[in-house]
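You will see chain A twice below: alongside chain B first, and alongside chain C after that.
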Partner chain A sequence: MRCCRPALVALPLTLTGCTGWQSSLDPQGPQADTLATMFWVFTAILALVWLLTMAALFLSLRRARAERAGPLVLEPQAERSMTRAVSAAVAFTAAIVIALTVVSYAAQRALFSSHEAPLTLLVKGHQWWWEVTYEDGQPSRRFTTANEIHVPVGQPVLIKLQSSDVIHSFWVPSLAGKMDIVPGRENRLVIEASKDGIFRGQCAEFCGWQHAHMAIAVVAHPAEEFERWRENQISAAEPPDDPLRKRGMEIFLSRPCVMCHQIRGTPAAGKVAPDLTHVGSRLHIAAGTLPNSRGNLAAWITDPQGIKPGAHMPLMKLAGDEIEPLTRYLEGLR
Partner chain B sequence: MRRLVAIAAAIAVLSACEREDREFRPPPVGTEAEAPVTLSSIAPGTGPAERPGEMGQAYEENAYHLSEGKRLFTWFNCKGCHANGGGGSGPALMDDSWIYGGALLNVVQTIREGRPNGMPSFRGKIPEEQIMQIAAYVRSMERQVPQDAAPGRNDDLMPRPSEHRLPARPAVPGGTVPPSGQAPQ
Partner chain C sequence: MSETMLEPHAEEPLDTDLPDGELAKRLATTWGTAGGIIGALSTVDHKIIGRRYILTGFLFLILGGLAAVAMRLQLAVPDNSLIGPDLYNQIFTMHGTTMMFLFGVPIGEALAVYLVPLMVGTRNIAFPRLNAFSYYVYLFGGLMIWVAFALNIGPDNGWFSYVPLAGPEFSPGKRADFWAQLVTFTEVAALAVAVEIVVTVLKLRAPGMTLDRIPLFVWAMFVNAFLIIFAMPAVMLGSTMLILDRLLDTHFFNQAEGGDPLLWQHLFWFFGHPEVYIIFLPGTAFVSAIVATFARRPVFGYPAIVLSLIATGFLSFGLWVHHMFTTGLPQLGATFFTASSMMIAIPTGIQIFCWIGTLWDGKPIYRTPLLFVLGFFFIFVAGGLSGVMLASVPIDTQVHDTYFVVAHFHYVLIGGAVFPLIGAIYYWFPKFTGRMLGERLGRCHFWLAFIGFNVAFFPMHISGLRGMPRRVYTYPAEMGWDTLNLISTLGAALFVVSFLVFIYNVAASARGGDIAGDNPWDAATLEWATTSPPPPHNFDRIPFVTSREPLWAERETLPVVTGLAVDKREVVITTTTEARPDLKESSPDPTVWPFVSAIVVTVIFIATIFTPWALAWGAPAAALVMIAWFWPKSVEEDK
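Up next, the complex of A and B:
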């Protein structure tokens, strides 16, 4: 027993990995529920099959063998019972495989039968961040944000997945299964959160240097809170009123930043990098790499290549006294 | 003998690593403030001799820098005026005639300072290192770079062969052709 004690202590600890903000085994919506149920049905049945097989193997190894009259003598009695046992095992196996196929097919039907939802998002994978566009019949109510999806609780949300460069894969384990994002195609996925919370997603298809730092956060709110968030995101950035932030805005607009980034309400209209109109309101920066704080923003704009080597934001030479106003300006974009 | 050949082959394989050596925080290329402003189309020698030539070579022989340049050529909308190098409202960049010179440093100068007949200046808007990458890519459209480093085919339809399949052309010394405004139309 002594030998196994560390293992006995360690084993339950690994189970703590099964809950949290990124876990298929801790489902937070109907799609994830379907998958988790399927997972447990498969696991239970296959575990049973494994145990039965091992038990049979063990028994047959232990059983004393009756003496045979000679190597070539046929024993019809034993032959017949063996044939029966093998046929039963084959039938049993076929039944299990067919049953599991039906379970899997039913789960697929549940997941992909409907592509209708009151809210439609366009999520575009880029090396190595996510562009998120909220579609709306009224063009003025369409807006784009990055690396963060907000959804109302209890409502299905249709996500159209596109890529601007290579294959990525959209995976928010607590809400849905993986869906690949293939250049030139549009894949669709419906997600729904049944209670509020923050769920982490991760690109699940290797896409280059910073694949590991390509995360997305899904924030589920009660409906009215979601509407408030959406109205705020639709609005353009407020012009800064204090001199420090004003200077920050001037620096932003006179620097390479405008070639790539958009801040609605200013002349900055780049479309190839995250929209920064409300960057201050986001939880993380650089696709989940750092929590959003003034210090981290300053670190990022001073040395993006130190934090995320290879990311498509270049190292720019900013003067020491430009960092503070620029950071304050960005932080205030809420 | 056999073993020697195997070792030599293994070492030869390593030499390919240099082709796309990636330096994400490269040593500074020189600051914009130091670069002399030259808007004249005439320069002494084969190009403004502001930097040692090897600096440019490091960009042109490196597949990573060239592919970055290719991406930025689209990102910064050079395509809007020069199409895929075949020219639009701006002149063609894939042919061997250059108004302002086809040496790397001429192209860098063109991008950084702009040119009078409609080429905007990107000074302060594109970091110096990326200007070098774009300029090296512009030269790859004329196949002035080693074939093994030049970018391969696009994912989407291209109106011309990919850069590494274009025939190599001899370098044309720059700065001798009149600006497009005065060139015979």
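Up next, the complex of A and C:
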């Protein structure tokens, strides 16, 4: 199944039109919509307050005034009117502050009161990648993927957030606000995309060396396309059919790769690094660091520390003729 | 001359017995600092210590600024490989840590150390030896962390050192320990100064300076000292627990053993939010002083401003959770902190409105100090208002930990603290050195700084809203953040140039500036009642205060208090509220022991990074030097 082709084709379009990529000002879901509206309301009111204050300052500097006898000779009349003016300004400030608090509270209640959704994901933050598990009542329909979340358009999705090491923060600004991932706790967040597309997210809490390269892509599909994607992900990896890819699989299975990575349908069952069962279907590798291509896979396997210094992927000392079969094998895991 | 005579002691020469010239000479000998290296290290003169504090603060500003320049160069273009993640993380940690702990807090206290005793009309700060000790501890702590950075073992977890990233499991090595001990160093220094300021303001005010005649500058520094006293222990506790977790395998922050990483955040921000006001309140002190002098009238709404300062002090302790809105706290609790965070806009607003009122009614004179204050209004008000946005939980979930926040707090801190501080340097430089800073260069400095700052930091609001998180060492080209970042870097370059102009101005004016005279700005507060720079004893005769603006009220001669000893260090202790003369008290002589104590404490602090036994072995050494420091000597009034 090659269900992700449309997404791959859509990628360059998204890249050029980049506002929809990862921006809180370009909301693509109901939550981000509310947040953007809130932002603009606050910005309008507060910009007005700033302008009024600056106007008052400007006028106070430009005002023509009479010479006074000495710095301590104050006019009681002027002092009184100033007291009135300052009191009015303070009352105005208080009114705005109270109004904004109420607006904020109302939005907060509407946004964060519900944690119900038909689809539940468990997202686990690792240094520096995302483990994504699709939960299901039937254990056989649970599956794990990495660095990419696919969701059906128009459906709320509950995300349970857990950490396997340090604090991270899950943030896909085009869809929702961020939520921290704190070790020992499980935070929850509901996201929803109102149209199809690819929305980029990125870890928002400093988490060490490669905090800058810990991105996640949320791909929103129409419901039936999403179901097709899900069925494909549930299935185990198809065994390779051509000799080159077979050789690639042998290389993979005979190297330390299997200590960390899992490919369902093979003996590789490591759990500390991204699940590679359908790695060929993903948009990116190394948590959004490189677009997924055979060349980039080869680059990543040959020199992970050059591309993402500090990443936990070690250098595999592969012979020159082992790279191609291996990358062909991985690329074919769709 | 109107005089108030203090009760004389027997047989010693008093200031009443001597003619003016002779009196000044003998007081200068009594209060002077001996020459030579030992003399320099023994001094307890608040002006000399204050001057060192200010210079050291600016040295760290320059170092922290260079770290910022390195970051801006790295971020100027996408996918830049100029600085790798390891170094970048150290650099942004050093930038934040330096600016907050080694510049922001100490520089406000530094100006207080120099100016508060002069403004309240006394001869030295309370506990002057502690003051000297505090300076050396601060200096050594700052040197330790920068030497560690130079040796590539600088801290790399951010100035906030969140656990578990900074804990033993994810930060092996000693980097996080250097950070934790730096906190200990700077907090010891800051707490010591805070105590000195509180006591100086409460007990050493010139007779007649009742509570409602205390200059607003001194009020702000006084409230600030209380903030330091109540806020700093939280982070000291936190950093001690962090060191214990790292060195002694305790589990305060280890959730696997019943600890909690969020405990760290609570302790850190319980300090960290008041910290922002600890940096900002000295800014208000400078603004109040400069606005009054250059608007040519007393600041409008003195009681309102004093009450606002106190309200700000209290409220600042009720906002810390707005740094934690995205940690998954209960929503209702978060709402409380939204309300309190927004509420603090009110006392801050009161102060802004009162200053604008003062300018409205006054007759502004546009000299460089006032220009920087006007820049303060423009920038700080914008930063305060973006702070109101951050107080809202929903908006915060989008902008928290993005460049929007970086823009916000640079608007607040540079606008609210650094612009007034630069204004303050232009304003008090004549008092510190006896020479004026160049006015033409000052204006040039202001415009470069004002434009450079806004060009550097305004685009960060937008890059944050467009999804750029903080603390990333690079970003991919396709994110569309490159233009904004390049503009920020160019603005930062302009900002740096403005500081070069400043440094040149200071260097040139210190030697060749116009001679200032006692009171070049015709200002109203007592520091202008003495020579520039002031003599070692500050005032030949202690002023007697009859007004909130003593130098404006008493144009001819300032009334004075007499009856203090000439051949020994003596200060007047006054009552707390009415400032009636109460006691004559001796003020400590110079001694080298505070310096020696600071060295011993430094060795202990640094050694505890490596072994807990340093504490056990170091304690007797510390006790010995403290005994030498406090060795009683026979004092006249004890006989």
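Convention: the second predicted complex is superposed on the first by the 301 of 334 C-alpha atoms of A that agree within 3 Å, B and C clash if a C-alpha of one lies under 4 Å from a C-alpha of the other, contacts with A are read in each partner's own complex, and residues count from 1 in each chain.
By our rule, a contact is a pair of C-beta atoms (placed from the backbone, for glycine too) under 8 Å apart; a residue touches a chain by one contact, two chains touch by 3 or more.
Please read these numbers as outputs of a predicted model, since none were measured by experiment.
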With the two structures laid over each other on chain A, which partner does A:Ser24 touch: chain B (first), chain C (second), both, or neither?
-> second
Decide which partner touches more residues of chain A, taking chain B and chain C as the two options.
-> C
Is A:Val272 in contact with chain B, with chain C, with both, or with neither (first, second, both, neither)?
-> first
Check whether A:Pro183 is in contact with chain B, with chain C, with both or with neither, and answer first, second, both or neither.
-> both
Which partner does A:Ile198 contact after superposing on A: first (chain B), second (chain C), both, neither?
-> neither
Touching A:Gln305 in the superposition: chain B (first), chain C (second), both, neither?
-> first
After superposition on the shared chain, which partner residues are touched by A:Ala117: those of chain B (first), chain C (second), both, or neither?
-> neither
Taking the superposition as given, does A:Ala107 touch the first partner, chain B, the second, chain C, both, or neither?
-> second
Shared contact residues on chain A - chain B and chain C = 183-184, 309-310
For chain A, which residues count as touching chain C in their complex?
-> 15, 18-19, 21-25, 32, 34-35, 38-39, 42-43, 46-47, 49-50, 53-54, 56-57, 59-61, 63, 65, 67-68, 70-72, 74, 78-79, 82-83, 85-86, 89-90, 93-94, 97, 100-101, 103-105, 107-109, 111-113, 127, 165-167, 169, 171, 173, 176-180, 182-185, 187-188, 200, 202-212, 288, 309-310
Which chain A residues qualify as touching chain B in the complex?
-> 183-184, 254-256, 258-260, 272, 303, 305-306, 309-310, 312, 314-317
Touching residues on chain C, where the partner in the complex is chain A | 84-86, 89, 157-158, 162, 164-165, 170, 255-256, 260-262, 296-298, 300-301, 304, 326-328, 331, 334-335, 338-339, 342-343, 345-346, 349-350, 352-354, 356-357, 359-361, 363-364, 374, 377-378, 381-382, 385-386, 388-389, 391-402, 465-467, 469-476, 478-480, 524, 547, 549, 552-553
Residue ranges of chain B in contact with chain A within the complex = 22, 24-25, 28, 31, 71, 75-76, 124-127, 129-130, 155-156
